[in-house]
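First up is the structure itself, then whatever we jot down about it.
By written order: A, B, C and D. Residues from 1 in each chain.
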Amino acid sequence: MTLDLPTAFRIRDIRDESPTVRTFTLDGAVQAEPGQFVMVWLPRVNEKPFSLVDDAPITLTIARVGPFTEAAHRLRVGDRLWLRGPYGRGFERLARPAVLVAGGYGAAPLAFLARRLRAEGVEVAVALGAKRACDLVLAERFRDAGCSVHLATEDGSLGHRGLATDVAARLLDANPDAALYACGPEAMLQRLAHLCRERGVPGQFSMERMMKCGLGVCGSCDHHGLLVCRDGPVFSADQVLGARGDFPSPCGRA
Amino acid sequence: MTAPDLSVPLCGVRLGNPLVLASGILGTSAELLERVARCGAGAVTSKSCGPTPRAGHPNPTVLAWGHGLINAVGLSNPGADEEVRILRDAKARLAPLGVPLIASIFAETVQGFGDVARKVAEAAPDFIEVNISCPNVEAEFGRPFAADARDAAAVTAAVRRAVSLPIIVKLSPNVPDIAAIARAVEGEGADAIAAINTLGPGMVIDTDSGKPILANRTGGVSGPAIRPIAVRCVYDVSRAVRVPVIGIGGVTCGRDAVEMIMAGATAVGIGSAVYYRGPEVFAAIREELRGFMETHGYSDISQMRGLAHDA
Amino acid sequence: MTAPDLSVPLCGVRLGNPLVLASGILGTSAELLERVARCGAGAVTSKSCGPTPRAGHPNPTVLAWGHGLINAVGLSNPGADEEVRILRDAKARLAPLGVPLIASIFAETVQGFGDVARKVAEAAPDFIEVNISCPNVEAEFGRPFAADARDAAAVTAAVRRAVSLPIIVKLSPNVPDIAAIARAVEGEGADAIAAINTLGPGMVIDTDSGKPILANRTGGVSGPAIRPIAVRCVYDVSRAVRVPVIGIGGVTCGRDAVEMIMAGATAVGIGSAVYYRGPEVFAAIREELRGFMETHGYSDISQMRGLAHDA
Amino acid sequence: MTLDLPTAFRIRDIRDESPTVRTFTLDGAVQAEPGQFVMVWLPRVNEKPFSLVDDAPITLTIARVGPFTEAAHRLRVGDRLWLRGPYGRGFERLARPAVLVAGGYGAAPLAFLARRLRAEGVEVAVALGAKRACDLVLAERFRDAGCSVHLATEDGSLGHRGLATDVAARLLDANPDAALYACGPEAMLQRLAHLCRERGVPGQFSMERMMKCGLGVCGSCDHHGLLVCRDGPVFSADQVLGARGDFPSPCGRA
């Protein structure tokens, strides 16, 4: 069931993942698919989209990047936050070995996905990238779920020096019939989408766009005629790259 | 019996079917406008554009409150210059599909309406829709122009002087006598009337925090909840004027569209239904409408138009 | 924590809980008024009564159209003389239950309001509610008094001169600025304001016959569909005046009642919810309200009142 | 399911029951309990309550008594009429021998009830009363359903000369543990309610009051604080006789 109006939950636990990223565990549950997101409301502040890291209990991993996320980071255990959703189409879980590629807080929906895939017996390798070692988040969750975790830092302070995309390419070399699932900065997704196309690897990519309604009406989250809030946020490589006429709905090819 | 003809004429322009994407829903980009056209709309309206870029209100801006939507997007738009580029692109994409483009505009002053109209006319849309009825920017601009017959007439006259394209004036239901406003804008050269914009405004309060949920506190109400009001407005307006009416408000299925047409509408706007049934709603309602006409032996939309008038 | 106190003061009269039967719903006989009181209402309002008997409109007069009701009962009533008998009987039945009686009146003229008020005051109801906002008799009487601040004020003044009982003036949402009307009637001595009467009017057309279904063609819209509009009106009115507000419109559950109170209402009217949940709705909402207060740690209704104002 | 808005049906069959009573069979069905009623709408004419004589196909028996019923009698096979409902509480069928008492078109809901009772194996005796022989309606339906039918006419032109209530009293004499179900003029119902009280016979009575909404809101159908459209139209003997505090709902005895 979708919560149509912002609904109050209390924060049960807060965990620092990095100097700028925190994970909030709430005192309630929703039913969601990995990749789906919720709109989080802080009264008098704003309402912003965040991926679910888990649905029971509801878990959110929030990077501090501006006014709203700063306000979120000021919340303490016992405080309330409001959310509506879950919204959007999540990842479609394929019965093949999985390569997950996360850039920064893009690890959030993938941690949820990893758990579900593992529960279904799928082998999961994760390429986790960030600027510095201290920015790598949720690695423990992936490990706890039974994934093999491969780190990359741009400054080389931990794991591979460079990008998660490099690691992903190597993981795909080792697993030519894997499926790729990714979430992170736009440039990373574009690069991975090209990679998938070149190699004929099925890829699914969770994208971000400015969201207002989250309901598929305001058009604010447009990506080449696709609605990130409703058709996505998870898209195929072709959709990420803006291929014409690749609408997810039957009306796509008139 | 021959298959029913769903096409309708609107100010000399032929729509393949009477269903029009309402302004502010998905009309933010050329690609989205194209998509809606491919989804089966008879015409598409771009999101209302003003003279200069506006960010709109902070979130929450749109909510589904149970019987409809409520929104205070706050006329976010990229400004007239950028809009011209979007509309040109849209027009190029729509032309091969044969789906007309309605460019919606707003402004803070009578003069501003003329200026924006002249600007967007450069993109050669098929119509200009004049949004004088947005209830979500009142605090900033004072009462909407649609609230007063003289203001509404003045805006219409200014746009009429600025462009030779067909002009649709979009009215507000939040007035004591919508027919009087309709007559006033018809008198100044409106070629068609769109009715209605959102109702209210309304307010939804979160009982846990005690706060109005919309950042703007209040917002315009749309969707199923407003249908009886919209139908009455369309009935009143279409009896008061000779120009065609685009009936908008709470239409989510074929029967609703028929009801609007029987109330006097020539075309039928679809907005919030996109939330309830997705962008595919256009083809779906179109086929429901076709089915209704087949069952009831109507061969042409015009046979149903205004049937309720001689009740 | 002590058990929450649900009672509220209204112009010096104590209501056991804030839920008030709205006028026109079940208020046609002393026995029905008693029944609603026994069902848990904090106060009950009789159906609006005018100077002389009126049959009202032919059927259909009330419809459930999916997201609310629409009605054009047409102020059917037995006339003021017979009403006095009904109210006396009702008062006698309600007294032992401790449930106050609100006598609703209407008239065609300012003078008429004074006359009817004086007449029904003979039955010594606890309040007189002045219905200046019924949208279903416009064709006959011209625009309702609630549509104009001066008319609304004049009616209030006439009733004020006629009776010493507390006066509630009931406002219409179908105006551009309900706060202005509220201030006008407060200025002439209204002791409380009820908001809102039905919205619109609206129209529902049968697509098989092409006819508006209500015999009166149009009717006032009530029920869940109008709640956001009602909440906004209550918010606007309660910020504009000092007198208490009875918030009415679309309330069907405890949360809805809380929303009205947070918008600024002292008491909460219940009308169409009787259709959705039966006359038992009063006790049901009362208990939902109590549960909400327990969960959220409110011990008194006044702690919630107007919370949304400082948003 | 209840039809909320007037819904169009076509007339498939019309049958004259008497000089002033006609039975209309429609081309559709609803789901109803015997004793429930529908609001019949004729556009531009009016909308009035009528009991169901059957729910599949929808069957109505309409006595011509004024403007609306005259308009209804002008309808022909193939014409449309509109109805919403069914509304109200029907008869509760008890597992005892049944005595049905019908005055005039009051036979309508009882014919429906008789069929259901018989289908459940209950023995049914019907007292059917009218002014004259030609005004007796639906007798055949009762016979076809397998009821024993006992006629009464005020002018003695057929069956017992006198009232159906007399016949009912005799039928109860013969069946002391029967249940009584009645529909007809108010005076008849009052008399039968007294009879039931005196004899301790469970009685159910379908009443009529002026109806506007049919939805339990307008208060037009008030009967001592009971709503005929919602609490009824079927009431107990005590309710018919206006006993205080005998509301059907839990709130009845505060």
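The criterion applied here is as follows: a residue touches a chain if its C-beta (ideal position, glycine included) is under 8 Å from a C-beta of that chain, and two chains touch if they have at least 3 such contacts.
Fair warning: this is a prediction, and the values are worked out from it, not measured in the lab.
Participant: Please work out the Cα centroid separation of chain A and chain B, and write it as a whole number of Å.
Facilitator: 36
Participant: On a C-alpha centroid basis, what's the spacing between chain B and chain C, in Å?
Facilitator: Using C-alpha averages as centres, the distance is 34 Å.
Participant: Taking the mean of the CA coordinates per chain, how far is chain B from chain D in Å?
Facilitator: Those two chain centres are 50 Å apart.
Participant: Could you put a whole-Å number on the gap between the CA centroids of chain A and chain D?
Facilitator: Going by mean C-alpha positions, chain A sits 64 Å from chain D.
Participant: Spell out, as numbers or ranges, the residues of chain C touching 2 or more other chains.
Facilitator: 65-66, 204, 208, 211, 311
Participant: Which chain D residues reach two or more other chains?
Facilitator: Each of 43-44 in chain D touches at least two other chains.
Participant: Given which chains touch which, is the overall layout a line, a ring, a star, complete, or other?
Facilitator: line
Participant: Once the touch criterion is applied, which pairs of chains come out as touching?
Facilitator: Pairs satisfying the touch definition: A-B, B-C, C-D.
Participant: So in the complex, the part of chain B that touches chain A is made up of which residues?
Facilitator: 24-29, 31-32, 34-35, 38-40, 47, 56, 58-66, 69, 71, 73, 76, 97, 204, 206, 208-209, 211, 213, 215, 271-272, 274-275, 278-280, 282-283
Participant: How about chain D: which of its residues touch chain C in the complex?
Facilitator: Touching chain C: residues 4-8, 39, 41, 43-44, 46-48, 80, 82, 84, 211-220, 222, 224-225, 227, 230, 247, 249-252, 254 of chain D.
Participant: Quick one: which bits of chain B touch chain C in the complex? Just the residue numbers, please.
Facilitator: Residues 65-68, 70, 143, 147, 174-176, 199-205, 207-208, 210-212, 217-218, 221, 224-229, 231-232, 235, 255, 258-259, 262-263, 292, 296, 304, 307-308, 311.
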